Every structure is written in C-alpha cells, then in structure tokens.
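Per-chain numbering from 1; labels A, B and C assigned in written order.
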Amino acid sequence: MTITSADLGVALDALRARVPLVHSLTNIVSANFLTNVLLAAGASNAHIDNAHEAGDFARIAGGVLVNLGTPDDGTAVAFTAAAEAAHDAGTPWVLDPVGVGGLAWRSSLAADLLKFRPTAIRGNASEVIALAGLGGDTRGVDSSDDPAAAVPAAVALLQHAEVVSASGPVDHLVGHDADGGLLGVRIGGGSAMLPRVTSTGCSLGALVAAYLAVAETPLVGLAAAHAHVAVASEIAEAASSGPGSFAVAYLDALYSLDAATLAERVVLDTFDIAEIR
Amino acid sequence: MTITSADLGVALDALRARVPLVHSLTNIVSANFLTNVLLAAGASNAHIDNAHEAGDFARIAGGVLVNLGTPDDGTAVAFTAAAEAAHDAGTPWVLDPVGVGGLAWRSSLAADLLKFRPTAIRGNASEVIALAGLGGDTRGVDSSDDPAAAVPAAVALLQHAEVVSASGPVDHLVGHDADGGLLGVRIGGGSAMLPRVTSTGCSLGALVAAYLAVAETPLVGLAAAHAHVAVASEIAEAASSGPGSFAVAYLDALYSLDAATLAERVVLDTFDIAEIR
Amino acid sequence: MTITSADLGVALDALRARVPLVHSLTNIVSANFLTNVLLAAGASNAHIDNAHEAGDFARIAGGVLVNLGTPDDGTAVAFTAAAEAAHDAGTPWVLDPVGVGGLAWRSSLAADLLKFRPTAIRGNASEVIALAGLGGDTRGVDSSDDPAAAVPAAVALLQHAEVVSASGPVDHLVGHDADGGLLGVRIGGGSAMLPRVTSTGCSLGALVAAYLAVAETPLVGLAAAHAHVAVASEIAEAASSGPGSFAVAYLDALYSLDAATLAERVVLDTFDIAEIR
C-alpha cells in the first residue's frame, strides 16, 4: 500500500465536510495566526490552555495540539492534562516540540509528554533529532538541519507516536500505510517565504491535528496537512511581493484550495524506511 | 423613543472626536487583532491584565473589556480587580463570556463577575443563553444557536447588565431607550467572512467598550459598535477574495467608514421586548 | 565624529548578512507582529519568557528585548533573569518601558532592571521622561509628549544605558559617537499610519536589539533600526489605503528595503547634546 495524491484530496474534502474542532495549546506568538490558518483551511479552533479546563476539553475535541513554544509553569500543567486526557479518550493529538534540544526545561517537558503517546509529532529537523535523543543542535526555533537528515530520528520516534514529520524545504514524513507497513512520504514544493512569516510551522502542527480528526489513517492526515500548506504557499508566493502580502495570500489560498487542485499540484513521493528501523 | 441610524452616526462621530481609551483584558488569540480594530475604528487601547495594575487602570480608562477567552489563575484575579474597580468608579465595562456554558471553570468566573454589573454583555447566542442559565450548548467558542433564540436569555440578563447582545448573522441587542423603556434592536448585513477570521467577535466586544465611553446611552453605544462592524465587514467582503484579504480590508474599512455611510448602509430595525420580560 | 546615512546602510547590509537571533520577552499584543517584523527585516527571533530558560537563552542570543507591555508575576522573573544574564554575558539588550510612569508596578520593575545596564532604552516620549524620573504623564501606552521634550530625560538615562531613543513624529536618539563624544541623532520621515497599527513601537524595540548585534556602535545600531522603520513606513503608506493594508505593505517594505534606498531616503540629522548633560 502507498499514499497517493488522490488520498490527500479525499482528506481535504473530509475536512471541509466535517469542520473538525481543534483544541490548541500553543504559544503567544502563533495563537492568532494559527487560528486563522485553521479557520481558513476549513476547521475550527478553541484555545484552552489553563489546567482547570484543558483536560476536559481535550476529551471532546476532534484533535489536540500541544505546542511547546512559550511554556510557563501554568501552561505546562495544562499541556500534561490535555495530553493525558487526549490519550485516555482516544482523541488524536499532536506534539510540536518547539525549541526542544537547545532549551533544557522544555526538553524535559517534551520527554514527559511522550508517555501519553502523541498521534503525531511535527517539528523541524533539529527538533525531531533532538527529541529522538540523537543530538542535533537547535538555533532558537529555526532549524539548522536538513529534513532528510532527520529521517532516522523520525523513525526512532515511531516507538512513541503513530506518525512523525520533519518540516523543511522538502518535508519528510514517516508512519505506516493502511496495511501497517512502514512508509516514508516526501512533500516538496512549498515556498521559501514560509520561514519569513512566523507561525507557519506552528500552524502546520495545528492543521495536522485537524486532519487527524478526519483522515482515513494518521499518515494520510499528516501528509494532507503538509500538502495543503505546501500547495497553498506556492499559490500565495505567486500572488505576493514580500512576507506581509504572502501571509495574506496564504490564508486566502488555504481557504480557496480545492481537492482537485491539491491532488494535481502536490509534489509527493514515497520512500522505503523499513531498513532504517 | 427608538434608535435610529442617525443616532449611530452621531456615536461614530463622537468616537472619532474623543478617541476613548479602552482597557482590555482579553485572550492571547485576539489581543493583537482586537487592538488593531480599536485603533482602526478610532479608539485607543491598553492591554493590562496583571492583578497589580488592572484595578487602578480600570478606574481611569474610558471603558473596560473583560474577555474570558484564555483565562488563567493570574488573569482571573485581574479580571475581578478590573470589574470591581470599573463598577466602583463608574467606568463602563463589557463582559464577553467566551466559551461559557461548555467550560466549567470560566462559567463560574463569569457568574462571579456578574455581581459587578457589567454595562454590557456581548456574546454569541450559545454563550448568552448559557450565561443566563437557560441551558444552551456551546461548541468551543463558536455558536450553535441562532441569535434570535437568545433574546429571552438576553432579556433575562438585563437584571445584571444595562444592555446585552447576541452576535450572529443578524445581531440581536436588548436594553433600554432614552426614556427607560425596554427596546430590542436588530443589526443585519455584515459578512459571512467574519466567522472565518478569528477574533472578530472579541474585537466587537472591545469596540462596544469604546462606544460605551462616548455614546448617549448604552444601547446606542452597543448598536453603534455592532453597526460599525457590520457595515465595515460588508465593504471588506466586496474588496477581498478570502479570509486573509478580508481581514486586511476589514481594518481599512473600519478606519475609513464615516458617519454618513454608516447611517446610510446599516440594516437596523427595532423590536418590542416588553412582553418577554 | 558623526553618523551618516551611509553608516546606516552598512548596518542594514550587516543585518542581512548575519541574520542575528533576537531573544524577545514581549507582550501578548505584539508577540506575533514583532516576530514578523524581525523576520521581514532580516533577523530571526525566539520568544522565551519563562524563568526556567530566559537566562540561559539570553547568554547565547545576538540581542535581547525586554518589553514591559503585559508583565505578570512569572514573566517579571524571566525579565530579570534575561537582563541579568545579558549583562553578565555581554549580550546587548534593549529595555522598552511600555506604560512606565502611569502604572506603578511596572515602573518599579523598570527601575530594578536599570541596574543591569540596558544597552539601549527605547520608548515614547512620555515613557522616557517617566523612566528618567522627571515626571511626565503617560496615557496608557500612547504618548502625550513630543520626543524633542524628552531629550533631557534621554540624556539623563545615559547614566544607565549606552543609547536612548524617544519615538514620535521625529525620533530623537542620544548616545556616543565612535570617539566617545556625546551625540544626538534625529530621524524624521516615517508615517502617520504607524500609531494606527499596534506593536509598531514594540517591534521597533526588537529591531533595535537585532541591529545592536551587528552594528559598529550602539548609536549606529539604534539609528539604523529607527531609519529602517521610518523609510519602510513611508514606502508602505504610499502603497496602502488604511491601517490594514499599511501593516501588510510595511512588512513587505521592511523586507525589500536595501541599503542604497535606506541611505538615500532617510531623513537624518545630528544635534549637539553636550550642554544638556
């Protein structure tokens, strides 16, 4: 079994039809843009990051995002409550290990969260490598490693998660096909403007949570989110003249993109990861 | 006595002439966009949500917004301090009960805040119904009820507040006319793009706080804020091709809208609520 | 020795070549826009405002911004940790005293932070005057004083900082030239739209931190940041029709501005401040 561009179009149609409710716990930099990305793409969002309510809401949401961008003592407790509740209730949840590796406290938080088995882990190459304990060196929240170099780390993390992705010029995703076999997926295309606009990575993590709520398999959901972002960013770059107009056009393109265009334009291929494990 | 579109134009002129200073206590999703909405419309804003300063500032602000979107233990104390100080000092204040009903902790917070008698309560239909204790069912922060269905709940909340509004495709507002008689106001028009951009509702709440600082009566202020948003969003939709460009055009339209255009384009009517109470 | 427009062009080229990493501790209103300003201008940013990590990160960042916009008990501790670590490690850091003067708690915080000797202090005229203990009267976060009136206060603050600026229609900067002599710099131009978009001042503070990491002297770095903002805002105003489209065009212009255009368009002059001290 493999994954095809048509599978991603089916996932996009399911997103639009079902409008999944994402429960986000994210950082103060990305909270607004991330929500606009979800609304534009076809999902909805509630940001609930206090310890009193995060657990209860994670039980009823369609998908949960735990993003470690700007943790504090209060939200760290909420992260744990949400992850535990999502795990117990069977709500798919995404761990975005922002800054893990270079920063000690959140690295410890991330390690603790792994025990609640995130459905998906999405980070840049440095973060994925760091989370897998393979070393890596993060420069703040930007990545200094190529996503291809993170594939062994991503595969290693499959002991904790269903699917793992490392974002970059070519996104590298790993997980299982519909028959349970290991499968790697690459999503190319995209835009060099994405790293010039903050929170495009964080909002991709949120979009993964939305797609996990509606897709046939976690790997299809993960790939559909990456593909939605990649194709929309290409369309946006062609309609913009800098990072300000790119961000605006990107939201418009996330909104107007349809399944046929997604399937036609996505740069998708698969690769064998069985020997890496 | 009734409310006319001309009254709303007078309120807009007063906003531009006096540039009221809003003190906002809002959530991390809406803080930036909400401030831009206030600046574009013609007000100014200071976001002060720590318990050390919130009470003092609420005494000197033109209007206060308490928005329950992302409360934590610290801001919850600041909400109470601000509401109490606003009540004591006679500063008009707005309660935006985001997510009340579906989430237990903030529902309790909202109930406690009612004792400081908000000048205005603004929510979506589900939140207004929930706050009135009439049941209702909230789906995260989006509404699953029609605003018309929230009118009895809104009227019930007049025991706690001067004016109450339920936002939606047609906004329903209740309060008192200049003679003290009960009056309902409907504001139609608007844009289906508003719910596709996050924080449009939260920023409407902030704009209500701004208008309360300058309008002849609370009901005129509430209606002017709703009308300003409705007409600006119509103008913006005509100039945009998705939620990204809509948000940009919306800020431009809030800024350029003048009193004559507001009065000419607003879809306004009044209705009798005396028998509901 | 003086500062010339050519010096500012050299600083811009250095920014683009070295892509300094800013460590920001800022408020929830500005966090997103501020990061986009840094990315557009040519820097990178990590927002880390918890007490567990702020000190460690300030040691390795290119520059640090401490912005007092929305402090709470937790971030206040992180502010101190970051300022102390920056001071000890020799990392240039910027203090943006948002709201100081009108608000007691943060005024005390700001006074405490001065002992860690910020490299630069950037505020509006009211804040600079208040911080210098010369009185002044702040209206929320907006300024009620002319920047020229803040020059004596700015000069007085040079006992705590290398350079100080007061933003406004004409920005007034004070510091030392390459020979150690006192020098005042005025940056004119700019756009009346800047105060209509929130966080343009806060993001200027962040851009100062970025330029301090790469410029020949603190005063050149400070002036280059102000000039980058002033020229980009002029370009943006010409391409926009309100605050929404201005903010978008502003990010585009920060991104596309080159050294030659900066040097050609900046409205720069110097003034003598030796007698003020």
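Convention: a contact is a pair of C-beta atoms (placed from the backbone, for glycine too) under 8 Å apart; a residue touches a chain by one contact, two chains touch by 3 or more.
Please read these numbers as outputs of a predicted model, since none were measured by experiment.
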| Each chain counted as touching chain A and chain B at once | C
| Would the interface of chain A with chain C count as same or different, where same needs over half of all numbers used to appear in both copies? | different
| Inter-chain centre distance, chain A versus chain C - centres from mean C-alpha coordinates, in Å | 34
| request: Hunt down the residues of chain B that sit against at least two other chains at once, touch-wise. | output: 28, 31-32, 74, 247-248
| query | Considering the complex alone, what residue numbers of chain A touch chain B? | reply | 21, 23, 28, 31-32, 35-36, 39-40, 44-50, 52-53, 56-57, 61, 74-75, 247-253, 255-256
| Once bound in the complex, which stretches of chain B touch chain A? | 27-33, 69-74, 99, 102-106, 139-142, 195-199, 240-245, 247-248
